[in-house]
């Protein structure tokens, strides 16, 4: 049952719309936790209430940035992905599962950052670890099952590598929260900056890999010349 | 008043977008029930609260999987459906009605799985029964009213049959909850796995039906030959 | 500054997507009011709680049907509307305002249908009156400002007339709630059935108007003949 | 790695869909704060409850209008923007951040307009200031990085200027709330009317700027003539 090119494009776009919907709702639901604080302390005045709940605002900012970066990276990946199959819907579904879950660790941060900072950061860190696993899953599946156009394969290979390295990074940041909460949050901020522009990151990685390969080539040539001379 | 082909494509796509929106929101609203548990027990610590509410996490997982499978199957069906009419909007509207309702039985599972497991599973099972009726409705209406391209009709016939069988299955699973809650939940898990890849399921069904037909043909030929001989 | 045809199509589609988003969210938020009832009475068992809150389920059904019919009619209208201007965005914005407001009278129905049935139905009826004014506004604006393709103008004129009649109907139904709540709700159910398939309703209206015009023509001809004879 | 024109169009459209989703959800979540008032005072009757919470209805109206105007202006800007780059996603992301935040100052208005009117209006005003900064950011970035078609550049330059002036206006309105709450709210109403039709506003600005330039030209010509005579 051959499907035409145009219907495949349509297929991809529907996955993107559904994903966009989930991203957009998850990112907007975060504000409900903020509104909640208005209903908690009815005695104190507005400014005191807001200052007293500064972690809620910090958590809103962190949660928003997490989901926005997630969307931007999803967006860039789907610039290259031209086909989908049913199993890929499940790989993408796992990412959406983690994204819809994200308001929960964000609410945990807002409520428990002062009382139980270590556990609260661990919750958030575990969520971030799942995100990086899901992102790596999408890129690896798309690469291995040739859902990416052939002319983009070499570039996309570097692109998916940055998510593999992100897994190691988030594992490290996750365990670091048991040593220091704030250093751990700092590590996530660095991750935010790195993955804010995934194309730049990929370009940098490509440069490093190319220069490494060139060095190895040079080494090999030098070595070959040496052995030829010898 | 003849509508051109291009405006019909647009018509289909708007139904898909509205449906995608409803799916995306229903699936994301599930997290609100999770966040709720953070506000319930303020005395206990975070980990104890989470462990104490393990059914909320199980319910979140089940609710998410239910709606995601629903979306994947909707997605595959609309790969074949090329036209819509106003009555079809109502058939699709019934599915959306059940999908928007889904967070309710999910919340019921989260709150009552320990206290009243039978009734809670019955609620969820009834919802699942409605989903399979709605899914069968969409496929049967699209098949009978020729909303599917002619070249896909034979395949789509097998596709809609899997939803008819799903009705019998969900009726069975629904009544089984009065015997054992956990076996009933197990039956839904099997259903999840079967409908995770509806195209595979359809292919398998087609094979069985083809081999049956072939057997019947062989029987008939053998019988004809026998009667010819006689 | 001439805009090309293709960018105008894009313009229309974005209004549709934004509207679809608002419809989809408003229709899905209704379930939150249902979930609420699980948190209200913690002592009673699940079935008693649900039976005790039967108005919440009725309100959910009425609210869902209201918004779905609204979407279907919006959908049919935008099959004909090919252009938008900034003022039209405001006319459409007024409809979206009433749609986003709809969960409020629905919640009022759920909470107050038993206690203060007259006022609760009046709230819902007023909302329905606003919906019909907004629907008439969209169709009239699109007709008067030639946002509809020229070949569809005659048909669209009949289409917009059904919404003008709907205003008279909803005004009548609104005031009827002060006489009897249930008859008023019955009137809304009839409205649901009539506007479930707006194209059928338009066709019927066209038939009536055509036969009327024909009768008048016949009368005129007969009259002319009489006067000629005389 | 050259991307074709068609894939760039797709890229723009995905940014619009995601933004539309965020706008649609933020605008629809406002109703949750309205529904809240039904759960607050259980003793009083429905009409008294609603009259008692008139600020909630006013806040709903103001919040809805704020986000709708924001969407309309976003919509008009994206009629001209034909390309996106990753950094632009962040500029747009900042606008979405402020939009998702908007239900919070709206809820603040609803809860504190009577008790602490100055601080409540200051919250809302600060949010509006952020919106105008974000809107200016989008237009300036798109203009400076040539994301706008070349033939639209001159018009778009005037278009982005109205958002720069809006920043001055909102700074002024923000500080005015410390003198009088109601005059400050009045200033926002004027802003609503001005930005309700951004294209009209741009045309008017263009006229003023052209007539100014012409006057200066005339002055210069007169001056030149004078000096020539002298």
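As written, the chain order gives the labels A, B, C and D, with residue 1 at the start of each chain.
The rule is short, and it goes like this: a residue touches a chain if its C-beta (ideal position, glycine included) is under 8 Å from a C-beta of that chain, and two chains touch if they have at least 3 such contacts.
Note that this is a predicted model, so its numbers are computed, not measured.
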*Topological distance between chain A and chain D, in contact steps*: 1
*Longest centre-to-centre distance from chain B, chain (CA-based)*: D
_Under the over-half criterion for shared residue numbers, do copies chain C and chain D use the same patch or different patches to meet?_
different
*asked:* Can you work out the whole-Å distance between the CA centroids of chain B and chain D?
replied: 42
*Determine the centre-to-centre distance between chain B and chain C, using the mean Cα coordinates as centres, and give it in whole Å.*
30
*Find every residue in chain A that makes contact with two or more other chains and list them.*
17, 21, 24-25, 29, 32
*Contact footprint of chain C on chain D as seen in their complex*: 13, 16-17, 20-21, 23-25, 27-32, 34-35, 38-39, 45-47, 60, 64, 68, 71-72, 75-76, 78-79, 152, 155, 196-200
*Sort out for me which residues of chain B touch chain C in the complex.*
1, 3, 7, 10-11, 14-15, 17-18, 21-22, 24-26, 29, 32-33, 36, 86-87, 89-90, 93, 96-97, 100-101, 103-104, 107-108, 111-112, 115-116, 119-120, 123
